Structure formats: C-alpha cells, structure tokens
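The two complexes that follow have chain A in common; it is paired with chain B in the first and with chain C in the second.
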Partner chain A sequence: MKRVYVNEQWCLGCHLCEYYCAFANTGEKNMARALKDIKIQPRIRVEEGNDVSFAVSCRHCREPLCVKACISGALQMMDGVITIDQDKCIGCCTCILSCPFGSVALSPDGHAAQKCELCVQTAAGTPRCVDGCPNNAIVFEERG
Partner chain B sequence: MDVQYVIIGNSAAAIGAVEGIRRTDARGKIIIISDEPYHTYARPLISYLLLGKTTEEKMKYRGDDFYERNHCQVYLSVRATAIDAREKTVSLSDGRIISYDKLLIATGSSPFVLPIPGADTVEEKFTFMTLADAKKLGEAVNQESRVLILGAGLIGLKCAEGILCRAGQITVVDLAPTVLSSILDPEGARMVQEHLEHNGLKFILSQAIKSIDHNTATLNSGEKVEFDIFVMAVGVRPNIQLFEGLGELGRGIPVNEKSETSCADIYAAGDCTESFDISSGQRKILAILPNAYMQGECAGVNMAGGAAKFTQAMPMNAIGFCGLHVMTAGTYSGESYIVQDENGYKKLFYGDTLNGYILIGKIDQAGIYTNLIRDKAPLDTLDFALICQQPGLIAFTREQRTEMLGGVSR
Partner chain C sequence: MAIRYIYAEYEITRNYDRCIACRVCERQCANEVHEYLPEAHKMVADEAKCVNCHRCVSLCPTHALKIVKSDNTYKANSNWSQKNMNELYRQAEAGGVLLSSMGNPENFPIYFDKILLNASQVTNPSIDPLREPMETRVFLGSKSVEIERDENGQIKDNLKPHLKLNLPVMFSAMSYGSISYNAHESLARASQELGTYYNTGEGGLHADFYPYGGNTIVQVASGRFGVHQPYLEAAAAVEIKIGQGAKPGIGGHLPGKKIVDDVARTRMIPVGSDAISPAPHHDIYSIEDLSQLVYSLKEATRNTKPVIVKIAAVHNVAAIASGIARSGADIIAIDGFRGGTGAAPTRIRDNVGIPIELALAGVDQRLRDEGIRDQVSIVAGGSIRNSTDVVKAVALGADCVYIGTAALLALGCHLCRSCHEGKCNWGIATQVPELIKRLNPDVGYKRLVNLLTAWRHEIEEIMGGMGINSIESLKGNRLMLRGVGLNEKELEILGIKHAGE
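Up next is the complex of A and B:
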C-alpha cells in the first residue's frame, strides 16, 4: 500500500503541507478564500528546531494502536487506510494517548478526533500535502 | 473438520477475539454468549449516552453487520453457568450445553457492592456498568433529583458527569482524601476536583457512609446527606466464577502473553484477567478497554492456531470531565518532572526510561510519551530536556526518526 514517507533532509520547514491539508479538508475550491482569517488545524504537523524540520502525519500502521484502543469503535482500518467516523467519536482522546507518532488530534470544535486519511475523502488521488510539497520532503509511495 | 470457537462475553475482549480468529481462520464456527440483550456496544460510552453525546445506535462498538460478516452465532440474554474442561463443554442458563474446541472467557467485571447497613431500605439505588444500568439511571433522574454517588473514581465521576445536567444536585462521597486516587497524584486530583466543583458537583472526601436509612445517609463524621437516588461506584471485581476449580486463579484469571489460562484450550482476556503490567513489572488487573481488546485479539489469533503475543499491557487512561482532558499512563515511580502553567498540569515519572505520566489540560501528542514507556526507550538516546517540554519526534535522533517515518510501518 502507498503511504506518506518523510525525507527529512529535503524539508524546508515551509509549512505548506499543513496549509494544503487544512484546505483539502475544507472541501472548498479556492485555497485563499478557504483559509482566510482562520487558524488552521491540519492533520499533518511540521516539527522544527535546531536546524531540523520535518512533517509528521498518520503512518497508517499495520497494527494500529489507535484503532485497537478506540473505546467507541469510531476508528477503523479499511484496505489499510485508517479512518475515523467522527459521528461515532465522543472525543475521549484514547487514540491521542495511544498513537506513537502524535498523529491524532482533536478536531477544531473539540468534539471528535481527526487524523490523516490519505485524502481518501477528498478524492484527490495523491494526498494534497504531498502534491503541495515544493521539495519532495514528503512522498506518497509503496515501500513494502 | 472446522474448529468450534466459543466466546463467553460480547464486549471489547470478545470482539477483539473474533477479529483475531478471523485473521487466521475464515471458516471455523464462532459462538458468542452474552448475558446482556444488546448488540456489542462500547461500554465506557454509557456516561456519554446520558450526557447526550452519543446514542444507542452510535455507541455500537461494531456495525450491525459485524456478526454476520464474521460468521458468528450470537446467543443473547443467556448466561454461561459452568465449564466442563474435560468434556470441553459450556452449560448455559437455558439448559443448553455447547461444546468447544477453543474457549475464551471474556466475562469482564461486575460492580463491587459494599455492604452498608440499611442499604436495603433505599428505593432508587444503582450501579453504573452496563447499558441497562445507564438506561435505568437515566429514567430515574430528573431536575429535582438529589443524587448521592459513593465513589470518586473513574466510574463514579463519569457517572456524575453523565447526569450533571439532568439532576438537581450531585454529591460524591469517597473514603480517599482525593478524587481519582487510583490514577492521579494529590495535585492533579485537586485540579480535577476544583474543575468539577466549578461545574456544580459537591464532594465529601475522607468519609465513608456508615449507614443508610431510606433517603438519608449517615457518614462516619455523623454528617447526614439527604438523597433521592443512590449510585454505588466503589470499583469493580473480575468475573472469575466460571473458572473456579479449572486452574490457577488470583483476584483475576492469570493469563500468559498468549492470553492462555493454565487450563488447556481455555483462554481469557479483558477485565476478568490478571495481566503483566510492563510499566511496573507486576501482575495486575488492568480493567481498561484498550487492554481488553488487544488481549482478546491476541487470544483469538492463538485460538485459531496463529502465533501472537500481547506484551504491552499497562495502565493507561484518557478521560475528560466537563471539557477538561486528563491522561495518565504507566507507573508513578522514579524522579518527577513537573510543569504547572496556563496549559494545565504535567508530571513525568522517570529513571533510565520514562515510567509514567499525568497530563491534565494539554494532551497533544501524548502518545509519544506513552510509546516511550511502552518501548522502554533509554532516555539517554534522546533529547530528554526537549521531550519534557513537549512530546515530539524531534527529540529523537535523525536515525531513529528515519526509521520511524521512512521505514516499514509498524
């Protein structure tokens, strides 16, 4: 299965992936309009400091601790992609407690968790964060 | 011949076992026995049901087609009354006897009911464990109700939160001097208590109920508390009766890392078991859902002839009260690192490895801490000062990160 992988040495720390992610999940057509005046809460996050930067999003683990630990049954794995049914989620944050990568967070309204779903819901083909990365610091590929 | 699997229980450990079995064996027959009348539901969500944050439909732990898709035969509202390990059969309360090749005991736990003199005179008394309990309590509570909850632990406080807006007043009594004493230190407990008091709960701590007469509870101090509804939430006990006489038994059913009991072809998982807590190195009853699911899944794989080990059991809780997030994991030993500021409260317990933590308020990326405990990662291989401030992968070395973010997924 194709996953998002990180090429840390190429990351510019530009945070564009975060903006593309937030935009993709608005469902809007125009990026500037969609993100104007809002504090974005993307599902990918750039960590930076000491001349190092890199982007982290859900690894779509084969043995996903978030799914196994989910107390409501809202998290599920379908064809290798881990998604969350926000309608079932009650925002208990057991997934945040469980994820070794820090890749699950509460959604902007705080009522449910959110995470990268590889843009399966946004019908973009390639995850928008990868598409928008100017330096191939994150790639979407098969690595076994 | 197809294998016949029998699972006693229908909650997280049982569902984990079904999913574990079906990873390995698509054909064997699975029989699920439950003394409850419901499709599998998320037990910890009963407080959210009362709160109105979920519905009976949404709180189903798996979809409506789960049993059919996994070819499970489900016997609801029937109790397993005895196991014959020689004949390999389970007797049911309706008289049926069913045979098994592999058996899983996933019977969970039951509320512990303290014997209080006069408790039999109370008309409206409840425990808070099952969907049926929650529905009954929900029907009984109204805006005039004065509710007395005995127990300021996880169950008592989640129950209180669930009915906070539906009851007139709620008083919580506990023998311990602090709330959530099994998972919080005194400082963290104080923050949670103040937050809940701010939201209208009343606490009477370091007190036991000496006796009850109808609608009046008398505390050890002599103080009297009037109430309309009484909820007993002093803890749970593993349901181990079925295993008595079949093998080794402690407070729970001891299992090894393959979820096997000491009796051949009988496995156990979830709240009814004692498992090995990797954070403290002790055998413990870890009555938490993630543990139940993973132990059950491991049992299922092994029942079906696969090879699985569950070696990650440890205490961990993510719990919120009226918008305040509380997260705890591991064991509270070693030195501590404490930060208390506008983001909340953080306490890390560490030696050569991270042993445990308490987070109140800011809980972002907490799983990175959990993973340090789980992996027993030597702290001298990472930037400990940095990770104390904020859980992040940046505190790891580039090599470690390359493996985590670029290698084959976990």
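Up next is the complex of A and C:
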C-alpha cells in the first residue's frame, strides 16, 4: 500500500505541508479564505532542531496501537488506511496516548481526535502535503 | 550608517487579504527580508535587504506576494542614470571594485533576435518529425579530411577521438564551489540521461561524480585546481580554459568562505583559503605554448580524449581561433559577452567582449577560408536562451552550443544576479548546507532533462520545417537565416542576407 514517507535530507522546514494539510481538511476552495486569521491544527507536523527537520504524520501502522486502544470503535482500518469516525469518537484521548509517533491530536473543536487519513476524504484525493512539498521531501509511494 | 544613499531597488507588495502568515517567506529568505510580528499575527518585510530572487513569491501558497520595481526616483537625467548614481554611491562608501554575477544585462543588441529562420514551401517540402526520422546527433572533434585506404581497399580508421552528443547542447563549465553539490549532481545525472556532457569548470571533480565521468568534460584552467591524473582519466574530454565571456582577460576568485570542506578537497587547496585563478595561464604566452599544453593533455590521456580550448569572444577572436585550430586542439569553445559568471567585476562584465553571434560567424568563416574548419569543432556559448538560439547558432556555423544560465534557470535560478553573495535562496550558487538542500537533485535533474527534451522536439520541428532531416545539414547553412533591421556591415559579418533578399 502507498504510504506517506518523509526524507529529512530534503526537508527544508518550510512548514508548507502543515498549511496544505490544514487547507485540504477545511473543504474550502480558496486557501486564503480557509486559513486567514486562524491558528491551524494540521495532521502533519514538522519537527525541527539541530539543523534537522522532518514532517511527521500517521504511519498507518500494520498493527495500529491507536485502533486497538480505541474504546468507542471510532478508529478503524480500511484497506490499510486508518480513519476515524468523528461522530463515534468520544474524545477520551486514549489513541493520542497510545500513538508512538505523536501523530494523533484533538481536532480544532476539541471534541474528537483527528489524524492523517491520506486525504482519502478530502477533495484532493491524494495527500495534499505531498503535492505541496516544494522539495520532494514528502513522498507517497509503495515501499514493501 | 547614518545616511542611506541607496534606496531599495525593489518593493515587496503583500496582499494582506491573502496572506495567512504561514511564515514560509520568512523561513525561506536567507537575506532575512521577512519578519513575523506575533502580537499582530502579521508579516512585514524590509525590502532594503531584498535581492529579488523570487523564492518567497514562488513558495507563497496563497499568492500574496509580488515584487515590483520601486518608483522612487532621483531627478531624471539621461546621462546620470539612477544606476550610474547608485554604483557611484556604492563605491564612494566601500572603496572597492564593483562585483556582479551572471551575464551582461545591459542594453546591447541581441543578434539572435534580429535573425529569422527559413521554412520550405511547395518545393523541397517540409518534413514531419513525428512521422519521419530526424537526426539531432552530433560528433565533436577533429574530422579527417582525407579518406585513406589500406592495401585491401578498406577505409582506414584514422578518426581522432570524438564526443558523441544526442543533441547539439552541452552544459557549460560551472565549478563545484561556484555552484553547489546538488546543482552538480543534477547536471551530471541529466547529462547521462540525455546523452550529452556537463563541464566541471575549474573546481575539480567531486569524488562522488566519477561514475558520471563518461558524460563529464573536465577543465584545466589557469589555477589548475583539482587537476590530477585520475581527474583527466575519468573524463570524456579535457577543456583548457583560456577565457570566459563574462570576464575576458580576468582571472577568477572564489572567496574563502565558499571553500568549505568538500570544495577544498576537490580543489586540492586548504579549507577557507581564497581560490585565485590567475588571469593568464603562466605557462601560455603564445600559440606554441598552448600547443604544448594541448599535447601534454593528449599524452596524459593517451590520445583517447578530445581537447577543447575555451576562449572568450573578443575583438580578434577569428585570428585567435585560427591559432587554436593549428595548436592541435580538437574543439574550440567560444563564450560570448553575455555569458554568465558566479562573480565578475561589473565594469569588465558589462563592457568587455563581443556578441557570440558575430564572433561565431567570424570564426566559422575564417576557419573555412583557411581550409581548416574540419580540423576543429566549434562550440558556441554565452547566452543561448532557447531552441531557436541553438538552431541559429548551428546555422551560423557552430557544431553545438553550451548552455549555463539556461540550465541554472531550469534549476530554479531567477537571475537575481547575487551569486557573489553566496546566499543563493535556490540552493544553486551557495555552499551553505541549509541552502544547498533546497535543490533536490531528484527534482533538479528531471527539470534539466525536461528542458532539453523540449528543446530537442522544437529543434526537430524547426529543422523539419526547413526540409532538413539532420542537424549536420543545418551546420553553417546560413541560407536558412535572414536578418531584420541589421545594417550592411552586420549582415556581412554574420554572412547572411537581409529578409526579403
């Protein structure tokens, strides 16, 4: 299955992936209107320090701890993609605690968890962070 | 300083309705032009530091930025232009030689733009390159004029070493040091994929790029940086650099801060030391001296590689080229006055040398008149901007062209002409690690391949239109060219007729 991978050698720490992620998940057509004057809460985050930077988002683990930990059945794995049904989520944050990558967080409204779903539900259809990366540091590919 | 004499040349216009304060402009500007004001959640810019490289404009996700020429003006004066005044202020302040980068940007004639191409109508019908074979392959090197046969009547192979190019375009000399590792990797990989050559410049060949040796031309310049036996052996051809179009008669000076670890090792000089290439080769003061170096290099490579001699296009270029052809060189590269550079004294760059179109036509004609045109191939460089420039250069007599600036543009360069500051925001003309990584060679080499693939298609289309199916039939075919708006003398030198004739 194709997954999002990050090559820190080419990550510039420009944070554009975060903005493209936040934009993709608003469903808006215009980025300026979607993100003007708001503090974004993207599902991909750039970690940086000591001259190294790289973006981190859900790894879509083959044996996902978050899905195991979910007490409401909101998190589920479909065709390898781990998605969350925000209507079922009760905001207990167990998934956030169990994710070893820190890739699950509360959604902006604070009532449910959110995570990268590889843009399967967004208008883009393919991960927007990948298209928006100016240096091919984020790729969407099959790797065994 | 208390008095700021020079007003910023460009202004950054930010559309605040679009700006989402994502700070990508701030993070991507090595000149620290943009700043985020957290309390106001707002971006601001100090254009005094802006070099107009367009990195921020290109990366802004909401298209909120544009850079415009400032309309701040001194009292209008046709003689003392704003540029003249600013340059004078700069020198009065610093007391130094003005430095510039990339090619001569001044308003001199561009002959390529005053030459029009022919096409077939009715007779000698045009050829459709999509349906019929079209040859863009060229071979560079000394051609045998005489056909010799052995006792059995078989043709003897007396051909000297040649370079085989799939299209008549090569990447010109840009040293590792003046451009980054990633820029070099992009050029090397693109050359291999395209079946052409790139040129190390005088910075030596990085150990990682020896596998691309078959597509590498190595340079031996006046500083002899990075020249050793394996370097010569790795290459497909060796180029002796006598001059460069951007700075004829001037040596090179790569500042110590660009001589970082790897660059120093490749050039074989200490880290942080200035790399100074003398203006002349101290062992070349005549064609006979040049000949000695040509044959030394041929011997060092066991006569397996062609030797190129690169000169700047200057007033006596035809006579000089004739001498070079007689020195034993296989290929002559001529670099016109628009040719690029990582740093050159402004006055030299903007006032020395002649246009490549005139130099090329003059050299080709002279060598033909003297009956020695077959002894050498001619490579024309110095601002080949597109496929029609290539076609016109070939029709004026070039075997192929060198592109430097065009290749850098493909890699992202926006011609801000600030290479000499070493803070290239596009990761090309810099040795700063966090800037170098901005040029991912996976992306860069693909863009170079795309560029030349597009040019090849266009060249085939143009040749087809002329009813020509091989680039060899176009070479020196000046009947395919007509001048517009040129005077008698210019037409005479170019060896072409005026449109309508």
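Keep this in mind: the second predicted complex is superposed on the first by the 142 of 144 C-alpha atoms of A that agree within 3 Å, B and C clash if a C-alpha of one lies under 4 Å from a C-alpha of the other, contacts with A are read in each partner's own complex, and residues count from 1 in each chain.
By our rule, a residue touches a chain if its C-beta (ideal position, glycine included) is under 8 Å from a C-beta of that chain, and two chains touch if they have at least 3 such contacts.
These numbers come from a predicted model, not from an experiment.
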Will chain C clash with chain B on chain A after the two structures are superposed, or do they fit? fit
Given the touch rule stated above, what does A:Trp10 touch, chain B (first), chain C (second), both, or neither? second
Tell me the contact category for A:Tyr20 with respect to chain B and chain C: first, second, both or neither. second
Name the contact category of A:Ala105: first (chain B only), second (chain C only), both, or neither. first
Applying the document's definition of touch, where does A:Cys61 land relative to chain B and chain C: first, second, both, or neither? first
One more residue to check, A:Asp37. First (chain B), second (chain C), both or neither? second
Touched partner set for A:Asp51, first chain B, second chain C, both or neither: second
Check the residue A:Asn136 against both partner chains and state whether it touches chain B (first), chain C (second), both, or neither. second
Residues of chain A touched, compared between chain B and chain C (which is higher): B
Distance floor for C-alpha atoms, chain B against chain C, superposed on A, in Å, equals 16
Can you pull the chain A residues that chain B and chain C both touch? none
In the complex, chain A residues that touch chain C: 9-10, 12-16, 18-20, 23, 31-32, 35-37, 51, 132, 134-137
Contacting residues of chain B [partner chain A, same complex]: 12, 16, 42, 44-45, 48, 53-54, 58-62, 289-290, 293-294, 297, 316-320, 323, 325, 327, 329, 363-368, 370-371, 374, 386, 391-394, 398, 401-402, 404-410
In the complex with chain B, residue positions of chain A that touch it: 3, 5-8, 47-50, 52, 54, 56, 59-63, 65-66, 68-69, 71-73, 87-88, 90-102, 104-105, 110-111, 143-144
Could you list, by residue number, the parts of chain C that touch chain A in their complex? 17-20, 22-24, 27-28, 41, 59, 61-62, 64, 433-434, 437-438, 440, 442-443
